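Would you mind keeping the following structure in view while I ask a few things?
Letters A, B, C, D and E mark the chains as written, and numbering starts fresh at 1 in each.
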Amino acid sequence: MVNPIFIPVAALGMAFLLPVLERFGRKTVNVLFFLTLGFFTAASLIWLNDFFMANSPVLRVFTAGFKPPLSINLQVGSQEAMLLAAINVLSLAGAFYLLPHLNVTGLKARVLFLLFTLGMNGLVMTRDIFNLFVFLEITSIASYALIGMDVRLKSLTAGFKYMIAGSLASIFLLFGIILLYQASGTLNIDGMIASGVTLNDSPLIQGAAFMLFLSLFIEMKQFPANGWALDVYQAAHPGISAMISAGSSGAIFFALYKIFPLAGENWYLAAAITGSTTFVISNLIALRQRQVTRLLGYSSVGQMGLLLAALGFGFYVNRGRDNYAFILAALFFNHFFAKAGLYWIAGIVKKERIEEWSALRRNPVLLFLTGLFILALLGAPPFAGFWGKWALIMNLGREDTFWGVALLLFGSLLEAAFLLRWFGLAMRGATHDDIQPSPAVREIFVTGLFALISLTLGARFGYMRLTADLWTYVFPLILAAILFLFEGFSVYLRVMASLVVMLFFGFYLYPLEQGLAFYFSLIFIGGGLLMLLATLYQPRRSAGYYPLLVLMFSSMAVLTASKTQLGFFMNWELMTFSSYLLIIRGKKSRKAAWLYALFSLGGALAMLAGFSVLQLIRPGAELLADLAYAGEYGGVIFTLISMAFLVKVAALGWHIWAPDAYAEAEDDLTAMLSAILSKAGIWGLLLLAVFMGAPLWHSLSLNTVLGWLGTLTAFFATLYAIFQEDAKRLLAWSSIGQVGYIVMGVAMMSHLGWLAALWHTLNHFLFKGLLFLAIAGVIHRTGTRNMYEMGGLIKRMPFTFFSVMIGIIALSGVPPLTGFGGKWLLYEALIEKGWYLQAGVAFFASTIAFLYCYRLIHAIFLGIPKPDQLQVREAPFRILFPQYILIAFIFVFSLKPAWLLKPLSAMVAPYFTPTLGWQGDTAVSSLGYWNGTVMMILVVFIFALVLLNLLWMSRGSKKVKPFNIVYAAEKPDRPQTTHYAWHFFTPYQRAMRPLLKPLIRHFWQGVGEWTATGGSVLRRIYNGNGQSYAMLILLLAIILFALTAGA
Amino acid sequence: MKLVMVLGAALMLIGFWGLITRRNMIKMILSLAIAETGLQLIMIAVGYINGGTAPILDSAVDKLSAVQQVVDPVPQALVLTAIVIGVAVNALMLTFIIRLYQKKHSLNISDYKDMKW
Amino acid sequence: MVRKTIALALMSGLAFILAFILGDWSPMERLSGVAYDYVTRGAADLGAMNLVTAIVVTYRGLDTLGEVTVLFLAASGVAVLLRRKRDEAAATVKIKRAASEIVTTGASLLSPFIVMFGAYIFLNGHLSPGGGFQGGAVIASAVLLLFLAHPDYKLRHNVLNIIESFSGFTYVLVGLLGLFLAGGFLDNRFLPLGTYGTILSAGAIPLIYTLIGLKVGTELAGILENMKGRA
Amino acid sequence: MDGIVLKVVYAILSLILIFNYGMLVIGVTAKIVARAHGRIGPPFYQPYIDLLKSISMRTSVHHGVMFWLGPVFRLTGGIGLYMLIPAVYGSEWLQNFSFSGDLILVIYFIFFGMLGMALGAGESGHPFSAMGIMRGLAHTTASEVPFALAIIAVAAQYHTLSISDIVAAQQGGIGHWTLMTNPLATLAGMLAYLGMMMHSPFDLHMAPQEIPVGPVTEYNSSYLALMQSNRSIFASAKLILFMNLFFGGATSIPEMVVKTFLIFFFCVFVGVVFPRFRVEQSVRWFLKLPTMIGVLAVVIYTVHG
Amino acid sequence: MENILITLLSLIILVAALAAIYLRNMISAILASGLVSLFASILYLLMAAPDVAMTEAAIGAGLSTVIFLLAFKKTRDEEVENG
């Protein structure tokens, strides 16, 4: 065990000595400098080990040989050890990173850095409140000097503003300390807490607490007293910003944590309110921010707000810190390492504006690290922030603090908005110049180290949270990690490896599942395998493609095996993020992917809120099955949780992301999104229905609402599909509509309805996978997605044509192929249920579907070939092969629907009494009957007969070439306007015009614009004037006083 | 001693007022220094006991009955530290002002609004 | 105008807060808490007559070490910020008006005495008012006087540096001695407490205060020198 | 096995019957319309002549596989549709294959032929055929809506989707017909029927006057022959369907002939009286009045439960 | 007696503080703020805090004022130079 006093001893001894040692050369100085920092790190790591592995007693150091309160004492326990380890690792790494910068500004900079580190260490260790003040001053002064030491105008200005804020804060702090001293007669924090002095509500003591916490709230950069912090983050060298944002803010937070037991109840609430407000508002303002370092500044400030809020809530709702230690630690360390990493990357890239970050595109390592840290900040699994946020929201739910849930979740969404926009620009922005970031090995090393620490911490925290079925839940991540090792090898090897691990995972899951879960995981895994095969048609794949694909599929499969809410939510997030990272690979998919991520995250956060409401009625509920006990809150919980699923199925109102994302994602990926990913939402809705039945919102059955939602989705999406010019966009709308039918089926809550939904789930997978793959092949060969730029391809691509034809027949529900089965089940179910009007609308929708089906096949394959497409070849075998497997399935299930329907019926049987019977191959419902087998035979038979007849009759028939239309000596500006396939259904559009107003899109646009406007109005308070910032600090004082004096 | 308390509070308010109304940066620092002085007065006043003597156990103060005679030494020790720290910070701030002045030749705080929003 | 109004509103709010807090403040009647302990046992424990010194140097020695550090930091910060690149230094060379002869002579004569006075203050810190900080400030004022007298006066950097480093480092070492030889870090009792009331009493307090005085004096001098700017 | 052979034989007989019936109905109607216009008109056997002419044409061109397959799809659709509808209630040999599916199957099977036809015509490459198809499809989607609503109302009324059961429920005099028991559904259905027959005024996609070439004129010789045969079968099948749904079905062949002829004449009559609609007009028209009626019919049953 | 002295001192300090803020001449303002410290140190002495009084006088009133003056000089010199 190292005596903690050696930290200040070593730091000061070295700092005082360094000026003399300068004459021995820079090398000596550097060695000693790093030795000292290394000693700090080693010491704190030893403590960490002692406290967590050996359960050592808490270390207490009494200076001057007297016991407190006579003397100042330092304390290192497990919490301090964690903090110290983080801070000292950061300092060591940060010093390493900053080495050239420190060299430029000379020896003294090292002294400043060393003492800065000491200040942070002291803040963590000391148990004396005045000593805390001294260490705070040391930290602050060191950071002022470090900020200003490059003597640029900006950093000087920022430093000056910081100093004014810091001076004000220290005046308040000192004021608080002296008042507290008068009240308690001691300066020892433990003594003060023990004396319970602050429980007294005399104005003097309340004033003492007020001054104390006001000061620390200012240091925590709470809104609105945080303009200076933003300037600092923006202007300082990113290496310094990293130290301040992670290190000193962290140490100050711990200091606050230490003295927070002094606070009275009014302060718990004040902290919660201030913190959440800061979190929301800084993320809101950041929406308009384009400057990277300032953006990170807003994010840092927001994270501080989150931490403060968590601390406040912890005391407010819980009257104690037990449950919240985990939350605070998770949120804290998550931000700590991720933000430091991001600042370092900002320092490497050296691009000021987020638009210029596209330079990262050619540097996969940096891009990877950026993405990783951003995901960590967003609280994606498996990072620590995820576990922290989950636990926090659950606790808040348990304590009936839903305004906190709402604020925190809203803030998280805003944070995702700007961070992901930034990432999107880095990943897919337009390249501006060719100046590439040239990271030094040193810089990459420390950043990579922090990435590693982030991951490790996440794993550690996750291990503490995932008590049951740990392996199942983390399996997807392990698989992705394994596949990551195959990066750099040929595509064949990568696909092979992917197939192998997926199969392995399938075998792992097989014994765990039956019934519906089995069915869905079959689609997820089996479908995934098939789609993986199809990816082979593109010989080149960028790094990370296969790990992400496997992560997406396997996390979806885990959804079906999840028993706990946390496991479910974790894999839901994994699926969301992996699919986001896949979508953004499309050439122009930046905005689409952004929208997708935002909607998905919004849904996921709503789900989180739903689970937290459940906590209220059933505290400590961990299992999904606990949803069954929702009771009177069933309506709310159902509504909230279903948001996530409705986004994934792109139900009307939540569909804005879907057309763009489907259209702009890579072609084979679109097939996976539409065919497989959307089913995850269906699975979710089924789960909800299984556990919650049909809950009521007041007297309205939510299933009726859901049913209508599905119906309208089916209708409007189909209507939109027919007016698209882009083949993928057409199929995207079609996909939205088709999934709408499935939602209807689920919502019916009847045997037939679920059968319809399940049947259609598989069927939609088959035909939409088929269609998207076929179109992917066409796009691969022709290089365009616009249908009017194609034509007559039937002669060049007959196999693809056949695929598409089978696909659209199955889609449109024309007998005898499988599509009809779904339609039949659906209408039988609807009429049986008494949803007549819905049936009518659904029918209308399904007739409209013919229009786009025809459009698709006609514009691409029929008519006159384009001159430049005369030499187009058939799509590659590698993409045709999976299509024909799908076609084979379609035929099998068309011929023998019973093979699918009977097992499905058995799966649904546990939930509803079967209303579908069998007479041989005839399915008999309470209303009608259907014999798919006879139907198939009958149609084939008649078809063959008529065909033979025509063959005989037209034996002399001659094939002629179709003629072209001419432009009559005119060359139109937009040649496509003269093409009949351009705006094919114009008259229909005219007829339907009233229904085509994009009201929902306008609604969401309005929401987005108003939010952003709110941000730009609010950010006016940061007018750049240091004096105004001082005024804002005083304003915070008054606000806080108003907040706390009432009690 | 209430009077000193009021004086301290008044000085703090004057300091804050100067901080948020004077545009000249040196004046702002001066104001801060005044506010600090006010606070230090308050601190000493907190430690004062009516009629007490300085906490020095010299010939005038009996070592045994000192408890009844002397004022509280702790605030004095704290103020000592606070004064030194205050001067240190002021010196650093003034250095910043010197450097800023060299960049823009202005002492007006509202001329340094390059970063905002 | 708007600004003024807002400022006024803020100030009245703040005034209200201060009035609320200090409204029913009443002075202490007698010592309590930790102060009581200090007064009753301070002299016996540490052998210092000046209780403030006892608290500053020993009981709350870590604060004082921190305080010295703050000053050191500020001095380093000023030095870093006002460092001159070589070309910059050359460009601003200019002849400064020398002070009158009386001043020059007076300063040269006085400054050793002022330094002596400073030393007296910190050496007697445990007996009478004053101590390292006050003494250090006095020493610095000697330096100031020299600057006034000789505008282009250059401090002997090395000497100053060495004194500063040495005193600081020794301060830490003395603290360590307290840890190893006595009760804890910065414990003054590893030296004999001596006769109460004499200059060589109170253990290491005079030593520590001397070191602090030297350190503070050199640091303040450094700040002054840097602020003045090297010609 | 025996049963199936018998069923096939019956089906073929039934098919022959309906084919000739359809031919005759078309011929007779043409004659009647001509008379109404004050013309002599073609003989009632003119459809047969046309068919023979088409079959025996020497020159025969086609544009590719899909063009070739289009009529096959079309006729398969027609025959298939007929095969799914019991033509005469109670008659064993005119039950066709109606046991293999109910009303839902029937209404969806209507699309089979249409889709194939559209694909075939599409391959011809002539812009006008594409346009005709566009109009036809657009129009169909609209006219099917009231029809579907009517069917739903009927299904809700009789609690069955089986055509035979619906007919059975209407036996016992005119008062039991859907026409009487569910007039709204019948009205919606019959308005939809006007559109589904693709007769004037809803025949823009055929547009014999304005557009000299269209899907039908694209085809020639044996291809056209198939389509002509289909027209008689398909039309008759639809007539029988409406008869079954709304007019009590038929217990004997003569009853069927009379009822279907009257239904057919209804649409011919409307076509004579009203001018032709543009596409968007007809789409809107169907989505307004008939659909409203259909919705009303459905809502009544929704409310009743 | 003591109270009168304290009141007097307080008044002087307040006036000096206001002067420090409102005086246009910077040197006078700085000196005024030095006065604030100086008279405060007398107050400290009256309140039985000689240590603090010494410190305030030496550092607060003395050194601090010098530093302010130096800084002011630095920000004016260059103005002349560049003006």
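The definition used in the following text is that a contact is a pair of C-beta atoms (placed from the backbone, for glycine too) under 8 Å apart; a residue touches a chain by one contact, two chains touch by 3 or more.
Because the structure is a prediction, the values reported are computed rather than measured.
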{"item": "Number of steps on the shortest touching-chain route linking chain A and chain C", "value": "1"}
{"item": "Separation of chain E from chain D in steps, with touching chains one step apart", "value": "3"}
{"item": "Touching both chain A and chain D (chains)", "value": "none"}
{"item": "Most widely separated chain from chain C, with each centre as the mean of CA atoms", "value": "D"}
{"item": "Nearest-to-centre chain - CA centroid comparison", "value": "A"}
{"item": "Between chain B and chain C, centroid-to-centroid distance (C-alpha), Å", "value": "16"}
{"item": "Chain centre separation in whole Å, for chain E relative to chain A (CA means)", "value": "57"}
{"item": "Interchain centroid distance [CA atoms averaged], chain C/chain E, Å", "value": "18"}
{"item": "Length of the line joining the C-alpha centres of chain A and chain B, rounded to whole Å", "value": "49"}
{"item": "Of all residues in chain C, the ones touching two or more other chains", "value": "7, 10-11, 14, 22, 25, 28, 34-36, 38, 50, 52, 60, 63, 66-67, 70, 73-74, 77, 81, 129, 133, 223, 227"}
{"item": "Per-residue multi-chain contacts in chain A, two or more chains", "value": "130, 134, 137, 141, 144-145, 148, 151, 179, 182, 187, 1031, 1034"}
{"item": "Set of chain B residues in contact with two or more other chains", "value": "1, 6, 12, 16-17, 20, 42, 45-48, 54-56, 70, 74, 76, 80-81, 83-85, 88-89, 91-92, 94-99"}
{"item": "Complete list of chain pairs which touch one another", "value": "A-B, A-C, A-D, B-C, B-E, C-E"}
{"item": "Sites on chain B touched by chain C in the complex", "value": "1-2, 5-6, 9, 12-13, 16-17, 20-21, 42, 45-50, 54-58, 63, 66-68, 70, 72-74, 76-77, 80-81, 83-85, 88-89, 91-92, 94-96, 98-99"}
{"item": "Interface residues, chain B side, partner chain A - complex", "value": "12, 16, 19-20, 23, 25, 28, 32, 35-36, 39, 42-43, 46, 74-75, 78, 81-82, 85, 88-89, 92-93, 96-97, 99-100, 103-104, 109-110, 112-117"}
{"item": "Chain A residues touching chain C - in the complex, by the definition given at the top", "value": "3, 5, 8-9, 12-13, 15-20, 61-66, 69-72, 105-106, 108-109, 111-112, 115, 118, 122, 126, 128, 130-131, 134-135, 137-138, 141-142, 144-145, 148-149, 151, 179, 182, 184-188, 202-204, 206-208, 210-211, 1031, 1034-1035, 1037-1038, 1041, 1045"}
{"item": "Chain C residues within the chain E interface of the complex", "value": "50, 52-53, 121, 129-131, 133-134, 137-138, 140-141, 144, 220, 223-224, 227-229"}
{"item": "Contact footprint of chain D on chain A as seen in their complex", "value": "792, 794-795, 798, 805, 808-809, 812-815, 820, 823-824, 827-828, 831, 834-837, 839-840, 843-844, 847-848, 850-851, 853-854, 857-858, 861-864, 922, 926-931, 934-935, 938-939, 942-943, 946-947, 949-950, 953-954, 956-965, 980-981, 984-985, 987-988, 990-992"}
